[in-house]
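Multiple structures follow.
Across the two complexes that follow, chain A remains constant while its partner is chain B and subsequently chain C.
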Partner chain A sequence: MASERFAPLRREVTRLHQLSDLANEAASLELSLLWELSRHRRLSGHPDLDARLIRTLMGGRGHLTADYAERTVRLPGRGRGRLIWLSSMVETKILDSQIFGAISRAHVEGHAAEAKPVKAVDEAVRLLGEGRVLLLMPGQPPALALAARGYEHRQVGDPQKETSMRGSREAFVEDLATNVSLVRRRVLDPRLRVEPFVLGEFRATEVRLLWIQGLTHDPLVNEMRRRLRSIRLPQILDVRYIEELAADDPYTIFPTALFTERPDTVAAALNEGRLAVLVEGSPDALVLPVTFWSFLQAADDYYSSYWIASFLRLLRIGLALLALVFPALYIAVIVFHPEMLPGILAFYLARTRVSVPFPAVVEAFLMELAFETLREAGTHLPPKLSTSLSVVGALVIGQAVVSSGLVSWPMVVVVSVTAIANFALPSWEMATSVRLLRFALMVLAALFGVPGVLVGLALILGHLCGLRSLGIPYLAPLAPLTPHGLGDTLLRLPHWVPGRRPRLLEPYWKVEVPRGQRPHPPAGAGTFHSPR
Partner chain B sequence: MREDWGLSDLQLLFLSFAVVAPTAILTLPRALALLAGQDGWLAALLALPAGLIPLVLLWDLDRRYPGQTFTEQARQALGPLLGRVAAALAVLLFALLAVVVTREVTDAVHGENLPRTPLPVVVLLVLLAPVSVLRQGIETLARWAEILLPIGLVLLFLLVAGSLRDLHPDYLLPVLGHGWTPIWTGAVQPASFYAKVFALAYVLPFRGDGRKGAFLAAAAGLFAGAVLLALTAAVTVALFGPLAASLPQPVFEAARMISVAEFLAHLDAVAVAAWLALGLTKLALVAFAFVFALADLLQLEEYRPLTLPGAALTGVLAAVEFRSTAEFQIWVFIFWPWVALALCILLPFLVWSGAVLRGRSGRRGRTGGTGRGGRPGRARTAPSPSLPPGGRS
Partner chain C sequence: MGGEPEPGKRWRGRLGPLLLALAVPFLAGGCWDRVEIIDRGFIAAAAVDAVPGGYRLTVQLVLPQSLPSPGGGGAGGGGAGGGPSVAVLSATGATLAEAASRMDEQVASRLFWGQTRLLIVGQALARRGIGEVVDFLVRNRESRLRTDLLVARGEAAPLMAVAPPYRDIPADNIYQELRKNLAPRLRAFEAAIRLREAGRGFLMPALAVTRPGPSPASPSTGAERRVTLPANPALDGAGVFVGGKLVGWLDGRLTRGALWLEGLGSGGTITLPYRGRPLSVLVERAQVRRRVLLAGERPSVRVDIEVDDTIQEVHEGELDPGRPELLRQLGESLAREIRGRALAALAATRRMGADVYDFGRLFAGRQPAYWRRVYTRWPQIFRSLPVEIRVRAVVRSPGRLVESLQLPR
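On to the complex of A and B.
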């Protein structure tokens, strides 16, 4: 039999596979040992030795990463050196024209804006991973990290998530340097500080903390520094990682920092004495401390008439409340207090619910879940398929379910109005919190009617009262009440009103809108024609 | 923000208002109508000194023992043993007060909205929010009150405004129709409510540093509460006339009568909302006084661990102590006012006279007791209230 004949061979193959797995494991083990050893170890100053160590760390025997590149160069006056870079992260043009050119002209230190002396092995490898070109040299310093970074990234474009009618049309991209420049161009204050942090273990991510010295309360900056330094995650891919690890209350459902993709929002926040965090690779900035009201404000508020802006702010508060309680209140009224409704409306609602085989709670939950499903499907579908989704959704949810009598029309109206109100909230994070709390309130409404909803609201309010963002009370300036700050929370007072900005950091507040700025056109004349 | 938060004068005003106002809206108008007839509003105003006495005593005690809680003051003024007895009595008073308020809030919700839900479940529902706020500290509680009370007030005024059409001011005439006697007998009820401002003894030490106006603010809150009570008493009488005395919860009845443009009708849910907004605040405040006084008596560093057991005790007592709402009403109208009034005035008076006899003047310095710094309460509740702005909470 053939299988009998091949059995020893097969056994041999299996054994070899196991052996190679073992070898792999051994290599990995050796590598992690090497990594540990290379921690804080100094480069020797012998380019060949150092290059060998770095090559081993980058994969070494048989596992060397494919984009690893190494050349021997002759340094006039200093002997032989080694150039090491990752071809995927480095712009060949810069490498050729500038670095090789500078080396041949014996001009290495001055070749580029960034030529950073490197001493430690782990630092060298980290910089290599970030796209620097390492030049290993004999003597001191043992290595220079040269900037020749070049890789594709998205160009600055329109804000996609926070659109506005007026105002700047630029949004952050994934490239950190671009983002910092976008902010600095808007702040234009020499006191703007950009503090570098390198967080994460191996995938060391560049993080920038931005604030304006003299404007921002120093304890806030110190506290934020402390929180950033205490972050030790294996990887940081987005600002969200930072928000979760630097939050004041780790269990809160509410966002305690503002995510924004608009550089102008960040600039405005910095000018109000807040801090901003930018992370390499994340097209969002983190702004903190923030208050509850920050999430109900949009950049457009400051670029449009203060009448409409104030109206919209009040409207958004109402909409947030509506998105939170409408289904719950509907359940409570239908189940517990139908007498609250005017007679005709009560009869109408009762008539529509005749054929519905569920209690109102189940009906509401079904519809809410159906809607959440649609929304979730919509966010993951490629745009080409979204039309079919909306057709299915509209047909199934809007028509079939109702005409089959499974769900009543008013419930569809309630759920859609709630959803639209939820979409109207400017902050995605706040909208999701509201979305989740809505379900809790619906349960309370089903159990206890209107008092249940009210107790739920009181609970939420209590949580908000105790919540802080970087130590600042979340509901400030409403509770604790500081009337001074209200001008820019519930309403948006005109730009010429003095002291209208939120006074988060009272004693340190240096920027005030000066008095007497209200425009005074010359009285009487009305036109500029000279009197006859 | 400033590093030392502390309670602001406005928050103290709201808190002292919260002691008086909420329950007064629910049950007092009826009691006043029952005992003082159409002059109930007069009785409500005349009883005001009953609240000012404890407040003045507390103010003077605070002058003598600056920044200390009532328990510490009692220990120093009356000696360790007697002082502890006085403090224990205060704990008992606040425990009973918490039970009474819980039951009052529960009864209103139970009777009005959830008649078929078992009472203990409603008690649980009612205690939920105050306990959660209580665990977050007095400053959170103050902020909570700062938002809830105005909401409750606005809703209440909406109800009053809605019933304006049905008001018959002539029901209020003649003033002093039955002479002064019914007014004095009627005044006992509001007096016992005002006297409960004594609960602030455990809140006032948390006022922000250098706030001289705290006691004035508390007095203003008390006054505002009295005015509100007089207003509701007058409105209920003007609405229902002689009938007011027989309606268990006149404000709810008034809400039921409202009909604006045929669309807004049967607003008892609004009445419940107003009532819950005010009642839950008072419950949280009273429960804070109870739990904090207990922690202070036991010389604990932190009152929070006592919150849940305290709430459980309150809830159980509120649910089983009285067999029916009627029994509770009788107890609360006939027995409780005298006890509350006596204790609320006697306790601070005893401690105050002890302090006077010891010749403790307004000078600074502290002896015995805890030996802690100027605002001993702060150390105990510190984590949430007094962290510097950067602090994690």
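On to the complex of A and C.
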């Protein structure tokens, strides 16, 4: 009964819905057409006309974005202008006190640090979206983009991913301007160049290329510029987008640029003649060119005693190798070459495996995958739950699986030692590469034994030898060998050691550590107390 | 940099070398060599005897599941507690390989020679020659060439069944004894090298079972548990081989003497009379320089032995390190003792015509022309080869005590 009575009404609602969908579609079409037209179109110089165009682009009738704000202002001597801003991106205090104040005093150009003349429509809209206040004026220039940005962003805090005992405790944040200032405060050189790029087709993103003029080899800068300009992605949310499009070898598993959240690392890299890329919205900087060794170096190396720093560097190389081959070698030796083990060890390893129902390879993969699962689960869990995860993980893997005889103790030891060695690598990117290659080597070990592992290592080494980062050989200064570059590669020599370091970018590297700096006690002085 | 090559082109250029590289492990060894470690039957030690119509192979096969488990926890009920963790298997065959493959049929696991540390040859077989044994061992791809060869005084098989409780793997016991460096060790690869040369002499450690009786009960309380010391295969001198055949034996003392001539005397204790009482010294370091001389057609050898030692035990009498002439006297009598032992060993091996000291190799290196003329007659020449032995012994330290505790008043 009721359904019959309401049927016409329902039909009417459906028809209206369809109509509004159509209208929506038409509006979207109209808008994209407008966007296309507005590209490279100049502002007319008539504030009312321009304002209407911009308002249409920001959604127009019915769809105007809610934080859109527009006021008509009187410009002394120039007639009426329009002030447009997005309320979500603008600090109202600045707007009130400075911009309106400046307009009333006819000091618009000189009111603030940033008053950028704007000519193109699309640029005006982009700047509006970035949090500028647009002042549309009659005549030339047709508009000024005024800085009144005010929005919440994270404060500069401790490095979370690259912690260190000593040294700076500041890390990049998501705000580009803050990040540039963090770097500049550490470089303090007028030759520091901060070159702006606007990348991203759909969502234009501010990108900064940093280098020190006169120090960085010009062809490197040109090459990087070329690569940045050739990027045509719809959006750029992180430096990773840049790294993937600017890599020398797009298929390599190894990182060819260094990601760092530490401004001091970026400053040091700039002083070594490298380039850095900062992206709005990304709390990481991209440093390149880099070599393989850059990923085994930590900021702490330069802030702690060179003895321990050198030791740690050698240790890290060993650990990288260990993380790469340990499970593979274990499988190969257990399954193919038990004669390589010291006798008693072979017998005891056999003893631990008596109850294990799987071949060693399956066992190793089970453990590795279980560990990867735990790790992946851990990264996605809120910190409050991660303790319960580790408890479950330790119980499941460490206790239940072993005591039920599904997995042998030595395999647990191998997998855990490998995991810890992997965690000891300072670079997350290098650690993940090693982590993946480990599985490839395990497959090779399972199929071919030690020869398989060796061939796998040879292939990796061959690949590394051929790899380049912004044209610089990846294994430099070891291959090709430049002996004086080694002072900051395998070891970390004291800061007073004279000579040019590093020689990676020779012959363009021009900063030398002067001779005669090695400290020593004052000559002839045996005691501070002078004899009476 | 530069123009980006087509993706297809990139891969075509790299695929060739990649496949080539992967072919290497395929050829070097592949899945077909894969044997899980629990499916391997580790042979810890093997004994070979001659039987009519072939050989008898007796081995100690490791039983991993009966090894004691570390920490007590873990799966499988832990260790059986005490008892050796090996099974003794035996098989015969016309060749060693046949015996080995028959033995393989007896057990579920695949016999594996890669961890075999000892191979004991029975006396009868040793007299016939050890060529076949070494051939089998060295030809086998699995075996490590570092397996120690020993010769049994008597049959070898019973030695496999003796299990002193000191180690989980009985053979390990003998191996540790060998490692203490007081025996003329002979590894499989060394034996193979020596066998290639006709008439070459060498020593091989000899093994015999010692059966000490029960320990004397403590006289104070008769109720104490009497401990029966287990039977133990122990090193007992060395067998002397010429051309791969056992030609005679050296007892422990003569073996040590022979080792002096090869510079392997350090680590041992020597006891000598000192003022009518025994005094022991520990040889810390022994250096040997051996020179061959050829006057016309008359070869001779000079052996210089330098010994540093420490006093280990002084019974009674005066020992005053403040009087260097006493230490010098001690050194001189030590040198006499060492020289006497070396000469006795030399005399014994001379009688057998066995140049176990490789003096022949010295001539081959220093006087190749002479060696080419005489090497076929070398055993005869060795019987009358003049060997000059000079020993210089220096007492470096009186030990922790300086003077004798019981100085005569």
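As a convention for this text, the second predicted complex is superposed on the first by the 513 of 532 C-alpha atoms of A that agree within 3 Å, B and C clash if a C-alpha of one lies under 4 Å from a C-alpha of the other, contacts with A are read in each partner's own complex, and residues count from 1 in each chain.
Definition applied: a contact is a pair of C-beta atoms (placed from the backbone, for glycine too) under 8 Å apart; a residue touches a chain by one contact, two chains touch by 3 or more.
Note that the structure is a prediction, hence the values are computed from the model and not measured.
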Following the overlay on chain A, give me a clash-or-fit verdict for chain B and chain C.
clash
Contacts for A:A360 in the overlay, against chain B (first) and chain C (second): which applies, first, second, both or neither?
second
After the superposition on A, what does A:L349 contact: first (chain B), second (chain C), both or neither?
second
Classify the contacts of A:V443 with the two partner chains as first (chain B alone), second (chain C alone), both, or neither.
neither
Of the two partner chains, chain B (first) and chain C (second), which one does A:L381 touch, if any: first, second, both, or neither?
neither
By the touch definition at the top of the document, which applies to A:L481: first (chain B), second (chain C), both, or neither?
first
Check whether A:I253 is in contact with chain B, with chain C, with both or with neither, and answer first, second, both or neither.
neither
Partner chain(s) touched by A:A120 [first = chain B, second = chain C, both, neither]:
neither
Under the stated touch criterion, which partner chain does A:E223 make contact with: chain B (first), chain C (second), both, or neither?
both
Does the superposition put A:A458 against chain B (first), chain C (second), both, or neither?
both
Going by the overlay, flag which of 169-177, 259-267 or 277-285 in chain B ends up clashing with chain C.
169-177
Residues of chain A that sit at the chain B interface in one complex and at the chain C interface in the other, please.
223, 248, 336-337, 339, 448-449, 451-452, 454-455, 458-459, 468, 471
Residues of chain C touching chain A in the complex
1, 10, 18, 21-22, 24-26, 28-31, 33-38, 40, 42, 44, 62, 64-65, 67, 69-70, 73-76, 85, 112, 114-115, 117, 142-144, 168-169, 172
Residues of chain B defined as touching chain A within the complex
1-3, 5, 8, 10-11, 109, 113-114, 117, 122, 125-126, 128-129, 132-133, 136-137, 139-144, 146-148, 262-263, 265-269, 272-273, 276-277, 280, 384, 387-393
State the interface residues of chain A toward chain C in the complex, per the touch definition above.
223, 248, 251, 334-339, 341, 343-344, 346-356, 359-360, 402-405, 409, 444, 446-449, 451-452, 454-455, 458-459, 468, 471
Applying the document's contact rule, which stretches of chain A touch chain B when the two form their complex?
217, 219-220, 222-224, 226-227, 248-249, 289, 333, 336-337, 339-340, 342, 448-452, 454-455, 458-459, 461-463, 465-466, 468, 470-473, 475-476, 478-481, 504-507
